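Letters A, B, C and D mark the chains in the order given here, with residues in each chain numbered from 1 onward.
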């Protein structure tokens, strides 16, 4: 089926990942993570994130976010994020349902939270009538295809810690962010004060599987119960583990992400040449946001599936993935050029 | 790694299943189940369970149970099951946490619930102080390796319906039950009044993936929201779907289950010849329960991993799987014979 | 202790209410609401709200809101309200914790929700990734001391119903609203499409006790279980019931509310004459919002307790109650006049 | 209305309690517990329970239990109690709904839990599949009208603490227990290792109001948020506080409870003389359990309301209260004598 620009999760499995799955399929191993493949994958995470990193594997990205947040909150807490945060808009209320917490949102800028916006939410501290802020949650890369710099993350982490809060990172696309910044994964997480991280695998070439990573064991002590009660404990865990081991070896995580990023850059370059199409967000990771003439949408969507981000302004989102090719882009831009005249 | 008798989920992926995954890995498809592979798998379920069957795929078995129960309960309801039910003992309280319901248990016999035992739990109906019974949940095959007959299921379903309740079936091993009874899957579900079914894939040769099946659309209307909020919506759904399509084609579900059952029968036959080992449950599916001399356990467990079901009585559980071989059994029984003298 | 302008719940019990409690204190009656005093109070509600009204008594106002919302939602629903709604800001996340739902907010105008603002929140209908809007919740009178007209309520109810939603009213101060509009309670609830109402007693002279009222029995069928599970079933219910019977007899509800409203009007009149104090909201019920010179606050708060509504703008809230006297106002305005020069 | 033997909560308000309410009804005080009456009541609790006692007032008894348990658990924990525990049978699943925890029950003896019964429930410790035991909850006096001795409580507390668990006491009728044992309240709580206590007011002459008491501030730090989120924060808190102050002054708590106990003893004495009626439980507090001829029930229930505890065995429960008179007993026993011949 034709590669679209709908989402990086419309892509399939990277061949190396599928091969890794196949390679661990011999014989029996103990279920639920008590196997050597899982131990080995956890070690891989420590190589990338430091020895203090405690990684727990789950099935999906919503779960990674929700379980990580559950581990560090009580139901009377609030979680601060942007309006466009995945946890706020795309998880069907799972964070509220499972943690009991309220999400407090700021409008953000370029998909990023600023301290100035968060500060006013820190009112009512100690007041029993009000939910008590406990976590700032950011997405890296953001839902708008932008990337926090290490300094920006550190500033938010420091602010959170000064206010007895924690910093959570939804890293469904953290590899794209690290590749974009040309820094190791550690540089935008453990090194700059992130406390809990959802590390995304599926959007970067895996079949399924995400990791919840804590950088302080005091925070993750009861994650194993939360994961099981959260319906996220895989019985045949080895097959998630093998995927992560492959992704974190031979720079596969980086190569996949970097390729997707480059394809987004290229798409943006081509699009910028078109009249009547305006790119609306910085292209720093693997997404391109643009306003296209509304009347062209039917023709475009007939050939390629992608999301209309904002019906009112006719803004669309195009995502690239590890398997997007230059031909895909040429072909799509050709259609676009034709459509917008 | 040596095949053990710990659990059917210690086995890997059946080759046909892995091939099916590989075969749908080309190109992009829309995420979250809106793809033709998923449509096709849902059709497969209708072939086996009748046209009214509404199948929804989830990651794991605990989730299949919990989401199915959530769809048909309100938090003030109770769910009736046996003490040894997986939902009661092995899901770390996920049913209570997610549905808010109370589980009321009966001790059961041979792992099965009887109407006589359930009847006394139906007190306090209409009394606001008491949780209101809404679901009887049975496991097929049971956690003790026994199998409900169609007539037994129908009696429980009729009883449930007469009392404004529903019948839920945890079918993590439903294929083993159907194979044991030599009946189609429909004969122990749709045909005898089951309302909600967890259909197990993982324990019968899949890599991951279970299905929640409803036999009345009125009950499943909001399952899609419950699934997403329950953190069980796979983005790359096609890979679960392809597995189910393979499992439900060419009798693979039956062949895998039947093989596992035969291996359990054979294991039981061999074990019955041993002195000092006593089989404690009918061997109707793919599990063998036996009391072995306590002093032999260390030597056995050094070579083979399996679960001690009851420490007090030295009762153990041996599970067979689609890939258990006659050699595995000979080898294990040899060790056992040697150990028990 | 001096009567303040902090909140109508800083007042005590109206003498008629206390007398009513005393009058039902003889002998034993069956607990949990199965008594004639409760039956009688429910009848009183029907007199005021129509024969279809189904009233359930609870301890407090937060509970009235939360249980009413719980009865008509499922956890994947959203509840639409203003930023300043009590359910959003002053209930410590109880709605999210108990219902599992997400609250979606609009900024509102004069404390009121408008259809224009709500409309954009009705996106993602039928999309499993998004919470599904189910309830519009308004407060009457509003948290800003304003009052919805019957026409405004009807328009919101019609809009809600057209979109398969319900209209919930937080009527913690509904009596003040009805008195302000000089209409019966029915005219701003049952007659204009409200589906679920929290009827406030405590802020209008009761000791404790609120009522959840439904105007359609189909919605309240399981409220009795929700109430008990929600920890709101009073064992000695007769003492809530007697209070409500007194409040709803001899126009006590109206007289208390009307008096409080008049006192607010008078306070506003006096305040308008002062330089350097600016009233910021229409004074339609029993609250007065004003911006006062920041430097006067310490002196004022030393003598009278009241809430600073907005620290940034030095906006304060003054509430009057059934027992506020003209002398209280004169005395307070005297201090205020002195303070602002 | 005739005083029945249905429940101590069918009684009304003790005159001293009603007078105390009336005495604090002058003027305004700050809401939500930040008032001197509440401070004073909290001090009263410290007089009785020791300086470390941290008391929080709530509306009802179910809430006292649930919020106390919520404060010391996480949702993957289990709470161990008897089958007949109020939290297990009479709270419509509120503990499960609000805490997310599973209740594990033992059958008990005389309404009491024994270490021998609890011990087997402490399996699966550290195993992610199983809920993790965290609290033993006992009722004092028990639901069967019996009383734990201080030594029995201490043994359970020590056992709990040795196993990293806590001891919770549902003290809805703790005053009856202390009066029965002729010991101060402290002797069966703080002095013997109870960690969390629900202190009952309503069943001992109050109008409404219970207290959650912790004996270690580390456990109660976030109770204020849990209480508000649990919909149990009274706005006009002074009226609960004044009741508690009265109850805990002049030995009113003791006199009320002692009287009820004496009435139960007397009722039991009289009943023991009757043929065909058999008392089934020790009469140590204010309840009498007896098996009466089934055919006499209609005549008895026509005159007096009480609960049939066990339909199958025709066992009934008769409760006495602070206002039961000797005449009430004579009259009831007269009827009973007549009925049983």
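Throughout what follows, a contact is a pair of C-beta atoms (placed from the backbone, for glycine too) under 8 Å apart; a residue touches a chain by one contact, two chains touch by 3 or more.
These numbers come from a predicted model, not from an experiment.
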Seminar exercise, completed: Neighbour overlap between chain C and chain D returns A, B
Problem set entry | Pair exhibiting more inter-chain C-beta contacts, A-C or B-C | A-C
Exercise. In angstrom, rounded to a whole number, how far apart do the mean CA points of chain A and chain B lie?
Worked result: 33
Problem set entry | Mean-CA-position distance for chain C and chain B (Å) | 50
Problem set entry | Between chain A and chain C, centroid-to-centroid distance (C-alpha), Å | 42
Seminar exercise, completed: Residues of chain D that touch at least two other chains are 75-76, 91-93, 97, 100, 128-129, 225, 228-229, 233
Exercise. Within the complex, which stretch of chain C touches chain D?
Worked result: 1-4, 6-7, 9-13, 18, 21-22, 24-31, 59-63, 66, 91-94, 97-98, 202-203, 207-208, 225, 228-236, 238-239, 305, 321, 323
Exercise. For chain C, which residues count as touching chain B in their complex?
Worked result: 32, 74-76, 100, 128-129, 132, 222, 224-229, 233
Problem set entry | Interfacial residue positions of chain D with respect to chain B in the complex | 75-78, 89-93, 96-97, 100-103, 123, 128-131, 311
